[in-house]
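Below: a set of structures, written as structure tokens.
Both complexes below contain chain A, partnered by chain B and then by chain C.
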Partner chain A sequence: MNATDTAVVARLAGVGKRFGRRAVLHGIDLTVRTGVTGLLGPNGAGKTTLLRILATALRPDAGELTVLGDDVLDPDGRYRIRQRIGYLPQQPGFHEWDTVYDFVNHVALLQEINDSRRRQSEILRVLDIMNMADCMHQHLRWLSGGQRHRVALAQALLGDPQLLLLDEPTVGLDPYERLRFRQVVSEVARKNAVVLSTHSTDDVAALCDEVVVLRLGRTAFTGCPAAMIAAADGHVWLSDAPGPRAATWWRAADGHYRHIGDPPPGADLAAPTLEDGYLHLVSRS
Partner chain B sequence: MSWHLQSDTIGAYATGRLGVASAGSVEAHLLECGMCRAKLAGLAQSEAPARRRHDDSLAVILDQIDRPQPTLLERFLTALGVSPGLAKLTAGAPRLRQSWLVGGLAVLAVAVLVAQVGPGPAGVVMFVVSAPVAPALGIAFSYGWGGDPAGEIAVTAPLPVLRLLLLRTVVVLLSWLPVAALLAVALPERGRVALLWFIPAIALTSLTVALASFVGTARAATAVTTTWLVLAATTVRGTRWTTASAWLEHSFLFRPIGQALLAVIALGALVVAIARRTSFEVRRSS
Partner chain C sequence: MMRGLAWAEARRLTYHPAVLAGFVAAAFLSLPRWFGGQSPPEQWLTQTYEQLTLFWAPLHLGAFVAGAMVALRGGGERIDEMFAARPVDAVQRTRALFLAGIVPMGYTAALVVVNVLLVVAAGGMPLGSPAVIVYPTVVDVIYAVSLTGAAYAGGIVVARTVPSPVFTFLSGLAATWIFFGLYWISGWFPAYFLTPYVSPLSGVVTDNPTGAPVVYFDVHLAEWLEVVRDTDVVFWRAVYLCGVTLLLTAYGLRQSGRPARTRGLWLIGAFLALGGFLLQIPAYSGTWSLLGSWWDF
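Moving on to the complex of A and B:
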């Protein structure tokens, strides 16, 4: 095994998924490596479906997928994968009457962390990381949205997973919590792989080594954030008046009109940002 | 908790610098207070070298609170050979268990009352027909109505979902069968008739587990119990002057052949559930 092989955590080749007659993912090819991979894309693009497939919650119905060297379609492989991943669903449900500690304990037992001493220190470790150790005996239904979110994140960290899958982990976090979250993810990504979906290009700029843009169930872009910015090179224009032929335009805070796509007459080319790159990729028809 | 330990007290405790008497009162507070315990856990981590010799008493303290004594149910399961972790999981979410147990009890209590004071055998019939329904619903409820609320986390965990489901099913049956049998003693009817609910209870439970591999526990329980109630309601009949056993045996469900058939169904369904165990391990709804 050479150095580049060890960095590959998941490999998808032609992965497709349909619900009934409706195809939601088409031929996804992707290699996930150690570090942070960001999934961007409009609502309905298939981010959650892709994360569920990686988490072994859904079976792909076309293509091949190995996670941490195991085939997701093989029952024994799936078992080994599940031992080594952590997953934050987009809408994690809770046992509302449980305390924070009991809930995380429940997940730790499902994770087969059977030695009670080890389980206990692992629970304290993840609650401490998410700053929830001081309310571990509170009942979940009395917690605020942000606190519940941190509990959900904490359970995903149990057992120090080699692949951490986070579906919209930064939604509803305040700026301080977001900062804390970024620290946690950066720490995890030093040794392991993190795949997260987000609507925030700020998250991508702050965290991601690799970006995948999904659009209508296909990958519209795969590459590093700098390459995503470069994708909009020559497509971002500034002018004093709006030009309706552009794919998107808006009035920026400085009073200029920013266009992505066809420029209005007399517009100046501008240096793209990560957000421009994203908008350019998803607004192309 | 209206008061908390001072940080330096916690520090002194963590490094073993407190006398026995004060350490005792600190420990008493720690047993009650999650916040101070968390502070202590944090301190203990940062002061690792100094704390070594104190490790054991700290571990004991944390143990007592964070691993409460196993409940009766947990100890019972462990005695049956279930691992302590699995026993804890099975016994978990007690609220979910209590709701159906109470509901089922209420229905049976009404049936007993009707049997005692009402005219004719309607109460006994009601008892026998409704007693099998509770454990089937209990399976759905022990996962939360509409499935385990944290189901998406559960299916992606390594522990096989069917193992937990079967264990919880056993718990549901073990808590329901004795309760229903005790209440059956209060029926005016004795002997075989008062026990005609027993095999159906096991059959409905087993069928619910098997069907759950296709449609999830909530829908499975609804379908199985509704079918049972409709079948029973349309086939059981009699008059005010006939006996409960005549009412019931008007239906094939309660004749020996029907009971034997239900026993076969119970076993068959269990085989189906085990054969389909991997289908419990992917999520079904959106």
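Moving on to the complex of A and C:
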């Protein structure tokens, strides 16, 4: 999907956030468009905080932010935004003694899907998408971690949100469910926007039209995955021995040492992957 | 929207284990003694009537624990985060939670009415010596229902203040034991008019024991006492408890995230709680009555 044929869904200008004395985000400028935007970054980079601000769960301390054409600082605007977004937090909470159906029904009521017939069909739709329809009468307490995560994903899909915000959505999913998740997200992204905070460069490579790398609360990179890979061109090396001068290196399964940064003597230049591009960005001083 | 959410919360409470356990325990304590179609034997002269209301205590404890459990479900912060991006905000969610308190109140009303019907079927309750036959009043039903409402609201607020299931359960158990099991220890002013339990009877010292129809000898006071029905005090205690419920609701809404429009609740709650408390004092021992006898079944 090209940036030119996609609609702007959210626009951030100079957004900042502090928790006490600690500044977590510094002047973030970002435009989110239809399609999938991947948020990458090391732990503590500010990904979850940025996602929570986009989800209106947290107010920014500085800057301007419009989501789906509404200002998040305006109470009426915030209400309109919430009617049109879906949000999966990093650590979802559940009513443990509810059945899957009852819990998703509760969230549907919170999403103001008030017509009971529409609500019922919407619940069945999202549970079917996440392959949880067979378990809908089971109590959440007795589900596995992966199943609970799928319930959390299902509730985020209620009401066909125009902006879907997912914080580490593939944690705990088995390979088949991960593939199914990618199918769901790519379908949603055909007409809506998805922002995906993740540590998985595989998910980003498979899904994202746009990648944003955060580092120490600042934007370290914004662009398409191909541009991120290109950023590591000429910086990825293969050799038979580790090179201590490299920014980072590891022994690959084939026995060769892969280096990012300065090459060791006798190393061969290698074609970078998205993961190399990410490591190159975050390992630069 | 509020109706749908409150309905969903209420539906959950209809089969909530704490509510059901309270109902079953109260039914087990209060109903079987009337199954013979006559008043149960007494060990002291006011036992039957006093125990009638004391045995409803598990209903109130069940409501308190249920309120605490629904307030604590999901473990607090995580569930708040899950729902943080939804159009229905935390204040509205809390409001629905309080509205669902109608369910334990309904359970209480049902059981208490069954109790009253059994007493009526048994030809009433003996009171005092020489015994007169009396019947429970509408006010007894209103009082029991209002106490369940206050207990449910209290459970929510205590759980939100100290978010520990163990603490809330133990505090509910301790309060039930102190206020119902050991109800006589709060028989001093002003505690007598502020605690959850109210006796439907009081004793007034009399110097004419043979002339009074319902009297007994108090061994602690070494005096003859005339038994007086304190229906007015029970009524004003119910009003006081309604006020406390509204105050707890207002506080619970304030706890739930952002300032809500709770001024009306605060004002009406304070008015009822204060008024209910103050009007019990002149009504005690039947010295002043606003109700007359309209409340008799």
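In this section, the second predicted complex is superposed on the first by the 279 of 285 C-alpha atoms of A that agree within 3 Å, B and C clash if a C-alpha of one lies under 4 Å from a C-alpha of the other, contacts with A are read in each partner's own complex, and residues count from 1 in each chain.
Keep this in mind: contacts are C-beta pairs under 8 Å (C-beta built on N, C-alpha and C of every residue); 3 or more make two chains touch, one makes a residue touch a chain.
Nothing here was measured: the structure is a model prediction, and the numbers come from that model.
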Open item on the list: Clash or fit: chain B against chain C, after overlaying the two structures on chain A?
Closed with: clash
TODO: Could you say whether A:93 touches chain B, chain C, both of them, or neither, answering first, second, both or neither?
DONE: both
TODO: Considering only touches as defined above, state whether A:120 meets chain B (first), chain C (second), both or neither.
DONE: first
TODO: Please work out whether A:282 is in contact with chain B alone, chain C alone, both, or neither, and reply first, second, both or neither.
DONE: neither
Open item on the list: Contacts for A:59 in the overlay, against chain B (first) and chain C (second): which applies, first, second, both or neither?
Closed with: first
Open item on the list: On the A-aligned overlay, A:101 touches which partner chain: chain B = first, chain C = second, or both, or neither?
Closed with: first
TODO: In the overlay, answer first, second, both or neither for which of chain B and chain C A:195 touches.
DONE: neither
TODO: Going by the touch definition up top, name the partner, chain B or chain C, that contacts more of chain A.
DONE: B
Open item on the list: Quick check on the superposed pair: does A:45 touch chain B, chain C, both, or neither? Answer first, second, both or neither.
Closed with: neither
- [ ] Could you look at A:128 and tell me whether it touches chain B, chain C, both or neither (first, second, both, neither)?
- [x] first
TODO: Could you tell me if A:136 is touching chain B, chain C, both of them or neither one (first, second, both, neither)?
DONE: first
Task: Identified clashing stretch of chain C versus chain B [40-48, 130-138 or 184-192] - done: 184-192
Task: Common ground on chain A, meaning residues reached by chain C in one complex and by chain B in the other - done: 52, 55-57, 79, 82-83, 85, 87, 89, 91-98, 102, 105-107, 109-112, 114, 116, 155
Open item on the list: Which residues of chain A touch chain B once you look at their complex with the stated criterion?
Closed with: 52, 55-59, 75, 78-79, 82-83, 85, 87, 89, 91-98, 101-103, 105-107, 109-114, 116-117, 119-120, 123-124, 127-128, 133-138, 155
Open item on the list: Going by the contact rule set out above, which residues of chain A touch chain C in the complex?
Closed with: 52, 55-57, 79, 82-83, 85-87, 89, 91-98, 102, 105-107, 109-112, 114, 116, 152, 155, 165
TODO: Could you please specify the touching residues of chain B with respect to chain A in the complex?
DONE: 34-35, 38-39, 41-42, 45, 59, 62-63, 66-67, 83-86, 88-89, 92-93, 95-96, 144, 148-159, 164, 278, 281-283
Open item on the list: Residue numbers of chain C touching chain A in their complex, please.
Closed with: 1, 4-5, 8, 12, 73-88, 93
